[in-house]
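In order of appearance the chains are A, B and C, and numbering begins at 1 in each one.
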Amino acid sequence: MSEDHKLRLSVSHLLDIPSLSREDIELLLHRALQHKRHLAEKTDVTQTLAGKVILTLFAENSTRTKSAAIMAAHRLGAKILDWDEKTSSSQKGETFSDTIRYLSAFGPDAIVIRHKDYNAPYYVAKQVKCPVINAGDSWRAHPTQALVDALTLMELKGRIEGLTMAICGDVAHSRVAQCNMALFHKLGGTVHLVTPDYLRPEKIPYPNVKLFNSFEEGLKGCDAVMMLRIQKERMDQSLIPDDAAYFNEYGLTHDRLAFAKPDAVVLHPGPMNRGVEIADEVADDPHRSAIFHQADNRVPVNMAALDLFLP
Amino acid sequence: MSEDHKLRLSVSHLLDIPSLSREDIELLLHRALQHKRHLAEKTDVTQTLAGKVILTLFAENSTRTKSAAIMAAHRLGAKILDWDEKTSSSQKGETFSDTIRYLSAFGPDAIVIRHKDYNAPYYVAKQVKCPVINAGDSWRAHPTQALVDALTLMELKGRIEGLTMAICGDVAHSRVAQCNMALFHKLGGTVHLVTPDYLRPEKIPYPNVKLFNSFEEGLKGCDAVMMLRIQKERMDQSLIPDDAAYFNEYGLTHDRLAFAKPDAVVLHPGPMNRGVEIADEVADDPHRSAIFHQADNRVPVNMAALDLFLP
Amino acid sequence: MSEDHKLRLSVSHLLDIPSLSREDIELLLHRALQHKRHLAEKTDVTQTLAGKVILTLFAENSTRTKSAAIMAAHRLGAKILDWDEKTSSSQKGETFSDTIRYLSAFGPDAIVIRHKDYNAPYYVAKQVKCPVINAGDSWRAHPTQALVDALTLMELKGRIEGLTMAICGDVAHSRVAQCNMALFHKLGGTVHLVTPDYLRPEKIPYPNVKLFNSFEEGLKGCDAVMMLRIQKERMDQSLIPDDAAYFNEYGLTHDRLAFAKPDAVVLHPGPMNRGVEIADEVADDPHRSAIFHQADNRVPVNMAALDLFLP
């Protein structure tokens, strides 16, 4: 819990997975696991961030990411300064840049930001003097999500290296997919993308990523299957079929899951749209679904990010 | 402030009055009184909940209930994780059940919930591992309100047993009325309901409750008179007369209050609509109105609920 | 940090500048400077307000004032009870007066209030038992802003006495202008108002304030130039020209700034509308703009107000 760990992170901000080294990722996962153990034992967690103030700046809706960050801050003893865009001066014509300079002048010890614009967290990181944790930007980066997913797989499968994970559904608009591909690339796993044509990403970013149209081919040999919600809010809705038709073609059922390895686990970053991309029988299957196991890992991963990145 | 007290509560959640024993109610009121005394003496309250995190989940508007819960948590040293439905993933098609499972995975030490649906707090209590405090659901339960009212009467009248209280106005839509009837039933008081036909409840739940149409009959022999706001948001507004006409027929004035015992006190759970169900002359009468005395009891009652139910 | 300082303030609430004595202002500025130094040295600030709860009651939008108040409370160890008008019972017909009596019954240790109505903070101060800090009301008072501006000038110019500051733009609707005129009056400075006819205040409140129509005359001999945003939300918009035309006539450029003293500094309370009342070249000029220096002073000034006014 001290200086020696902090020296070992190779970066000052948690902006995305590609900017982390393999060692950074392993350190973050290791620390998250420690926190998870402490929380489970109900032993008092060291209040390592007592006296610190975390600025949360969420310009997009969120339940789980924001709540997990706040809970993590509370468990470490830090306080929250929440910036609410809806009641802020951006309504009075202030530029984003000026808002950031102002908030930075108030001296937060870290900033957790979610923003619809691709560049926002990177821009903020350059403007401010404290660490910035990207809690999701555009369709591109969401590093704590990828760390949550990796921690879940580490616990269930013991490793990422050598694993094959299918990522299915709306890959085109998914920062979760992007970050997981990057993390599997860093750690030596393989990713199968299973998507209809209209939800296929424009390019395949890494050689360890392969593209499939059908569950039958795409799930073959997979150790994990990650389902994604259709991000209707990011697309022209006339392009997608109705929910029932989509489920018929791309919803995960037990029949389809059978194409994967017999012990393959099912992940979903949430929020789930049941009956659209995933059937209840899969989401609630205690032997296959790791979805609420992922949920359990959110606070520990956020605690690791906060205490490793904070000075 | 310790285990011996906690063992004495017969339930794990504060869901409603009927599920509490008479001893539970007395223990909660006793503890609330202790907290009230400590707060008044400005002696430092023991931070018995330091390190704890309370999840507040308010899916209906509230000033006093939510603020009192948060203030109580602060005074006991606990932190707040506030879940805001408006910026949450229920907007992205997530089921309430999944949202609750997620929030539960984040490990709150207690949940304070207000919800328009009858069953919501009970459902949550079954899903989660921590105590749930119902801060009001539907038209049915609002146990901390009934405890606030009972504490006020205990202080002013010394007892509930043997007391008669009139509850007047919109009984049909009032969880406050429901909970007070239940509490008077448990503790041996009598309730007179004074309502126009169109605001009469469908059934009378207890033998100690009697129904009246007029203040003259209903207030006779009463030690306390509780006025209720018309919950316009819960009804077809064409059914009710305009404010002036309602006041004329069912507003509490000094003339009407004179039908009760000479030392009868006036209660109102708030928010008051002055000039509708209550006249200024009554609301602000320092000798008769206990309305802001009720307000004084909200934080102590919430402190008692938090520290007795938390593990 | 103790009783001897508190005795020296002549008032119980921070409502406006005119109610403060010159000594009050100097004490507040002195304390703010101490806090600023402590924050900069990253030495642990004494948690002088640990266990205290500050009620923040913002009935108008705000980024910087509210965030600075919350950050100041956090740095002093106090907790926040935030009252959100939008989800409150004022929506259910409760009077402002009753809401305040209720919130006061919950026992906050101080109230920080922003309200569109002229009289609101004064009314609250009379109703409650704790200190009230006015964070801006109507077009009239915003004392912490004036203290921020004064602290900035003290640091850059060493004094207010004998200084001349131009306040330019929408003076008519500006509580910032009102408070700065009052503060310059108290401390012996001179103010030049530079405004178009349609943004001129109805009356000139102090003999040390003079009125000008042009930058050329108004900026002559000035040590500081404060630019104001047009408060479109407070006026009939048909009265004002479009942004480009306004900038052409009343936007601050380097050419216009040249009418002031060569070392004159530029202030702006924010939010800035760049390209309307101020050019980027001025706002971002490191030698002339003190705008983000003002930002740096917000948290220290709020810390001074909280710790000096709290009992």
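Definition applied: a contact is a pair of C-beta atoms (placed from the backbone, for glycine too) under 8 Å apart; a residue touches a chain by one contact, two chains touch by 3 or more.
Bear in mind the structure is a predicted one, so any value in this text is a computation, not a measurement.
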- Message: More than half overlap in residue numbers between the two sides of the subunit B-subunit C interface, or less? Answer same or different.
- Response: different
- Fitting subunit A to subunit B on CA atoms, where both chains share a sequence, rotation angle to nearest 5 degrees: 120
- Query: Which integer distance in Å separates the CA centroid of subunit B from that of subunit C?
  - Reply: 40
- Query: Touching two or more other chains, which residues of subunit B qualify?
  - Reply: none
- Item | Complex contacts: residues of subunit B adjacent to subunit C | 39, 44, 47, 58, 61-64, 67-68, 70-71, 74-75, 229, 233, 270-274, 276, 292, 295-296, 298-299
- Query: Contact residues on subunit C for subunit B in the complex?
  - Reply: 51, 53, 79, 81, 83, 87-95, 98-99, 101-103, 105-108
